[in-house]
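What follows is chain A paired twice: with chain B in the first complex and chain C in the second.
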Partner chain A sequence: MSSTAPAPGGTIAAGSADIVETAKAPRQLGPSPKMAIGFLAPALILLVAWVIYPIVYSIWRSLFGSNDSDFVGLSNYGAIFTDSSTLTTIRNNIIWVVVAPLVVTTLGLIFAVMTERIRWATAFKLILFMPMAVSLLAAGVVFRLVYEQDPDKGVANAIITTVHDAFASSAGFPGARPRENDQAPAALQGGAVVTKGATTLVPLVGINPQTLASAAQAGQPPADGGTVWLDVVRGGGGAVNQIDPQEKALAGLTVEALSGGKVVATATTADDGTYHFPGLTKGSYSVRLPADNFKAPFGGLTWLGPTLITPAIIGAYIWVWAGFAMVLISAGLAGIPRDALEAARIDGATEWQVFRRITVPLLSPVLLVVFVTMIINVLKVFDLVFIIAPGSVQPQANVIALEMWRVSFGGGGNQGLGSALAIFLLILVLPFMFFNIRRFRRDEG
Partner chain B sequence: MVSRKIAVVAALALGAAACGGGGSSSTSGGSSGAPASSAAAAKPLQGTKIEIAAKWTGDEQKSFQKVLDAFMAKTGATVTYASTGEDTGAYLGPRIQGGNPPDVAVLPQPGLVQQYADQGALKPLSDAVQTQIDQNYTPYWKELGSASGKVYGVLVKAAHKSLIWYRQGAFDDAGASPATSWDDLMSKTAQTLSDSGTAPFALCAASGWTLTDLFENVYLSSAGPENYDKLSKHEIPWTDPSVTTALQKIQMLFGKKEMMLGGSSGALQTDFPTCVTQVYGQKKAAMVIEADFVASSAVQSGAKVGEDAKIMPFPKAGDTDPVILGGDVAVAMKDNPGAMALLEFLASKEGGEVWAKNPGYLSPNRNVSPDNYPDELTKQLAQTIIQAGESVRYDMSDLAPSAFGGTDGKGEWKDLQDFLRNPTDIKGAQQALESDAAKAFNK
Partner chain C sequence: MASIVLSNVDKVYAGGVKAVNGLNLEIKDGEFMVLVGPSGCGKSTALRMIAGLEDISGGEISIGDRVVNHLPPKDRDIAMVFQNYALYPHMTVEENLAFGLKLRKMPKAEIQKRVNEAAKMLGLEQYLKRKPAALSGGQRQRVAMGRAIVREPQAFLMDEPLSNLDAKLRVSMRASLNQLHERLGVTTVYVTHDQVEAMTLGDRVCVLRDGFLQQVDTPQNLFDRPVNLFVAGFMGSPAMNFAYADLVRDGSGAAVSFAGFKLPVPDSTFTDKPGLDRYVGKRVILGIRPSDFEDSVAANGSSGGWARIPVTANVTEELGSEINVLFTIDAPPVEHKDTVAAAHDGDEEEVALPLTGDKSLWTARVNARSHVRPGQSLELVIDTHNLHFFDVESGLAIGHEANVGR
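And now, the complex of A and B:
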């Protein structure tokens, strides 16, 4: 840095030295140092009280245990890297940092470039920006509902199951199964119902008889086959393994005749639950109802389960922040010299080439700022995880900021470890902060 | 404990609001204005301001407000109620650190009494309050509110945790009947229900405390009160054979996906009031294993308590009939006459009877007559507590340090959820429980 221009952060003493050297320069350009201090003081006091002091105190506190009188040195920091649940939070934070900023920036770029081309750009931008007006807490509540497992409640699974059912419809009687005792003539074998030896009666249970109110009564087994029926009477009672008058038939099930481990014939149960194997000797085969008959309907994905929880929360985060990225990027887009784009087009570049070689390089400073801001933002993510993840998957969804709060206040009561986590988080954020500040400075210069 | 009823999302929102320093609502104080001049001598605390923090919201807060109103009318003090939100520790922690605790706090777990007493945040109760406790409570409850020989807290509100709620309609349809032993419950009642196409249980496994309640009932019953006390204090390890037996009993339930609505994966996503709705609102399941406070959620789902929403005592899984209580302990965080007078009132027969006349309250005070309760069910519950006397045990997870027994996603809550996810691994579950317990108890 040259000696004539004091660094932006240069001290007042250095400034006055400059004045002595260049005697002919006007006496003073800015206000007097005293006045400068006077004007800076309120900001300085706030900065010290609300930023510097808490940081210093947190560092100090992190050297003590849950009780603030027993000094533990650096062992809280050691605990961060040895405790498996804290390591999970670090792993999750890494996933967040790798995925979320990239997706947010990319989506923001796509939206920004697209909205330049469409007629209702303002309306479109407004809608995309709308989630920013919702507090993260409310957004979390909304997405908790979106990700509900029950397709009747959760929009995400409602969409998935609708699409799925359009291609594969479920049939049969999910949940139906034989009774679990030694007297039952059939048993489960790998999802299929197989009779124990030769029988003509295949009683099943596990279905609410009221759902079969319109089904036909179970018929007596024919001479060349048998009957599959629901062996349950409303209110209990009825003879077990016997066809009672009010018991309903299970129609439309695939039935296979097994002899020596091989399928020798296949049939489907009729409306009264009966099936026929003409030509087979009675008693020479056992009966199998393949597992397909009892396949549960596709219920969508378990968004709030341990495996999908972090991607699901990242999805909610993207919903909130993509609009913000889009607005910043389209502001940058407006600043790109049009003639560069025009020149490229006249030279015969395709739109993709214009985008790749002209737009993106010219936009790169803005993209970088958005990207780095998102990284900082993602490192301290808290509220979405806190709200969207159900209690049982909180350990799998946990992130550092949430763990910090939990160990300090949420029952753990160990504010030493909490402070250590806070400092750890600060150290993670710092490089990106410096990077952003340096960029801003360079832009100003 | 009881405000756990609130939908988890709303509760979280409350907790976060409390974090921000909000959530404090001033009472109307209508009683303190006008009669101020009438009899100053009769109202010893005229002009005293007392702040009490508790986690009750909604109807429970309204009922409690009636008690505060009675206290204000009697003493002339002004009492401000502050809602702590779902997570009392998270609300009180920063206020204690900041040197600005409420005068009186109602802690949802006796474990917190020990924790705060160790931090020096609690004030020992005055002799007048202790006299009330000696008169109205059995020694077990006095010991519960004590830490290192000093009495700090008084149990002001109880929850009966040894109940199974069932839907009469589902039992009628299946021809099932309530069971008196755990084995019968599993092999007869639940099996009959399952055969009839109704899921026997709606488990609220996303709320980890419902699983600890289940474990405690089975353990108290199968291992007996002495082992229960030892395990509560971590004097025997969680790898003890008595724990194995209890987990084997629970495995009968956890190990079969037909036993619960939605299998274990569905159960693990269901939080507390939702499972009650599944039984009484959606009518998808037949039973829910939880405490007396299920009643209000059941009513909200359109069920009538006593007609379609019925209770059976938690069946014996061993030799002991389990009776487990939860409850809230009131403590003084500032040593002043106002705080002590309020605690004295809450521990008294007089205060308890004002409270008992309002819905949603069950008193552990043996001198509060059951006749005060507005409904038959509560009367019955109060009688069982009074009759059980010395053999009642307190909710074990609430006696443990809250890092083990009372934190979402940690300790016992997490380990039992993992056991539900993988019910074949009893040994692994015991080891996880033991290592978490060791960590929390050695602090």
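And now, the complex of A and C:
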């Protein structure tokens, strides 16, 4: 940069000075300062019009209320730190700044190191870098769908429910219940179904028979047990509390035999709905179907609810930026001398020690640049929050940049407070900007 | 300390390039073995296989009595010095030296003791707190050596450790290396492309070419009794002179004639080189070391019985203590694949300008007292006891014990 205007005559070697004189060239090399100003002027004008003036005007405007003739002094800034909704935005921004840059940099480092040693590394990097080519708005729309509550629509919940169901079976009949009348042989007791008196038949209702179309017919109760079935005949008919031919069995339910309130035997209903307690001595027992049988299936997490919304949006942000971090870090990794890593291996380091004590320290300048760049980026986050958070949870997901927009243009109508927020954000970003610029300058020097 | 044995070691790179081919080499306990050869001959690959930085495609490497084929480098108890030092840039000299010991969980006092000893031995004491970036090339080289020494390993592996130093420093470091080996007596494998380093440092030198072992012997034996044209052309600087010649025997005894010259071949040569008499009357490749020439004027008297040839000096290179005289002889240059490979050290495609036409350019090293100037005629005497004869077809040295029966 400094070469655009060389110091007059200062760097000319003694030997070449007389050549310059004999050629009768102007005493100074390069264009005159006037010409330099002429060339710089357009950029300067644009810079002033689009950067300097807006900043100065924002500072000025932040001293006024919603009406720009209504001078309020610094009370807009006071409002930022007293209003509970803006305090939420600051809290959210802190969460963002603490979590997102760290995770992005760490993931980028892991990907960069891993891709070093796989084949098809370029393809892998390309795919990871792809989200950068998508606009943040589009990424927001994508993740709005990813985080959809219904596992049939949102892939996040689809994955979680699939994994959950693989470990905890959700077999059961949510909604099934006994009839609520005195003739019914069983009744609800704290979510569980318990028979009344000495009966082994457990007729249930509350399930659409269509969902059981493929189930077996209910079988007659065996001597050492009973039957659990759906006591409903499609299209009507059939006797209440009795096993009719078209009535379907409820298979796979847990059945417990109770004696004096204690569980003495446990069984599971077979395909025809029958259950057996073979070892039970004669006596009086009541039969209980524990509440687990009737639990609603696991539906995944409420990503877009007020508690998880910020982590969810941070997840989307990481998806977008991890590839970027990886590409920067791989470039840094390529600059690490191979020999140093090999020397460490021969010196007795395991792969982890090589990574921890050689690779990471040598990469630290790059890691720092990525980290700080991410901090700046995260402080300004706007679009992802705006798109992903549904209107109802926006107050919980809010960040400073979004609040600034919301207050100024999105219905708040208070451009004074909006300007104050903008200046606040600028002040937060500045130290990191200075840090990065100083680093770049040191690298050049 | 331990011996290192390579038996039938192969290295095949992806794509089928065979960098090392059936290498058999036994490096004795405490020996300084130099692997030498032109670029791409597989010497560095062989070293890296011993170090464990490259997989071994075939064969077996053992250090001491352990087969190390599948041991990672850290378990082989070896230390390596790299061409560009490979110091850890983010650590001070002291930390660089101590790194390997810390990884081995050595007590602090012992680390300190060893680091200080090595620093003293290498004259690095005042630099211990510096980072490598603040050191000169020679100092970095010494730190790299120190890092190997403190480990007290079974063997040192050195991969062209002196090639990044300037010429003067290289000579002094070479001497230091020699002393160091004398003092520590650790088995050392040293890779270089510089045959002067090989000659001066090695207890034994192993010449490699295209992944094949050519000859393993003491430096003097390599110089005096090269096994083939390649070794003859590669070892020695300036390189050996070659010409096609006819071996004849007439009334005055055996002689070799080439380019209008006729040099008598002493009878002792025939006893030294069994099988040479079968070549009488046939064409051979004659090799003469530049150092076996002398200016007849400067050598007055001491050249009794030496053959004399008159030549005209084309170029003279005055080195102070001696003069290299380059002259053409009226014979086509020997275009055997081995001599070409030896002359072309690596990637330089054409070494000499083709100014000599179909004549060969020979070099004679004569005493500086000769004062010969370019264009002058002079009479050279040749020590005919040191003539080398090679088979025209195979390029093998005639009468070398390794070639008998081949």
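FYI, the second predicted complex is superposed on the first by the 296 of 445 C-alpha atoms of A that agree within 3 Å, B and C clash if a C-alpha of one lies under 4 Å from a C-alpha of the other, contacts with A are read in each partner's own complex, and residues count from 1 in each chain.
In this text, contacts are C-beta pairs under 8 Å (C-beta built on N, C-alpha and C of every residue); 3 or more make two chains touch, one makes a residue touch a chain.
No experiment lies behind these values; they were computed from the predicted model shown.
**Q** Output check: A:Pro361 vs chain B and chain C. Expected answer is one of first, second, both, neither. What do you get?
**A** Once the two structures are laid over each other on A, A:Pro361 reaches chain C alone.
**Q** Figure out whether A:Gln183 sits in contact with chain B (first) or chain C (second), or with both, or with neither.
**A** Touch status of A:Gln183: no partner.
**Q** If we overlay the two complexes on their shared chain A, which of chain B and chain C does A:Thr211 touch? Say first, second, both or neither.
**A** Touch partner of A:Thr211: chain B, not chain C.
**Q** Is it chain B or chain C that touches the larger share of residues in chain A?
**A** When the residues of chain A touched by each partner are counted, B comes out ahead.
**Q** When the two structures are overlaid on chain A, which partner does A:Ser69 contact: first (chain B), second (chain C), both, or neither?
**A** In the superposition, A:Ser69 contacts neither chain B nor chain C.
**Q** Regarding the shared-chain residue A:Ser84, is it in contact with chain B (first), chain C (second), both, or neither?
**A** neither
**Q** Residues of chain A touching chain C in their complex?
**A** It is residues 337, 339-340, 342-350, 353, 357-358, 361-362, 364 of chain A that touch chain C.
**Q** Under the stated contact criterion, what part of chain B meets chain A in this complex?
**A** Residue list for chain B touching chain A: 8-9, 12-13, 16, 19, 87, 89-90, 93-94, 97, 115, 118-119, 172-176, 191-192, 194-198, 205-208, 258, 262, 265-266, 268-269, 271, 402-403, 406-410, 413-414, 417, 421, 443.
**Q** Using the touch definition up top, name the residues of chain C that touch chain A in the complex.
**A** 51-53, 72-74, 76, 78-80, 82-90, 99-100, 103-104, 147, 151
**Q** Enumerate the contact residues on chain A facing chain B in the complex.
**A** Residues of chain A touching chain B: 66-67, 85, 137, 141, 144, 149, 175, 177, 179-180, 205-211, 232-237, 302, 304-306, 383, 386-387, 390-395, 398, 405-406, 408-415.
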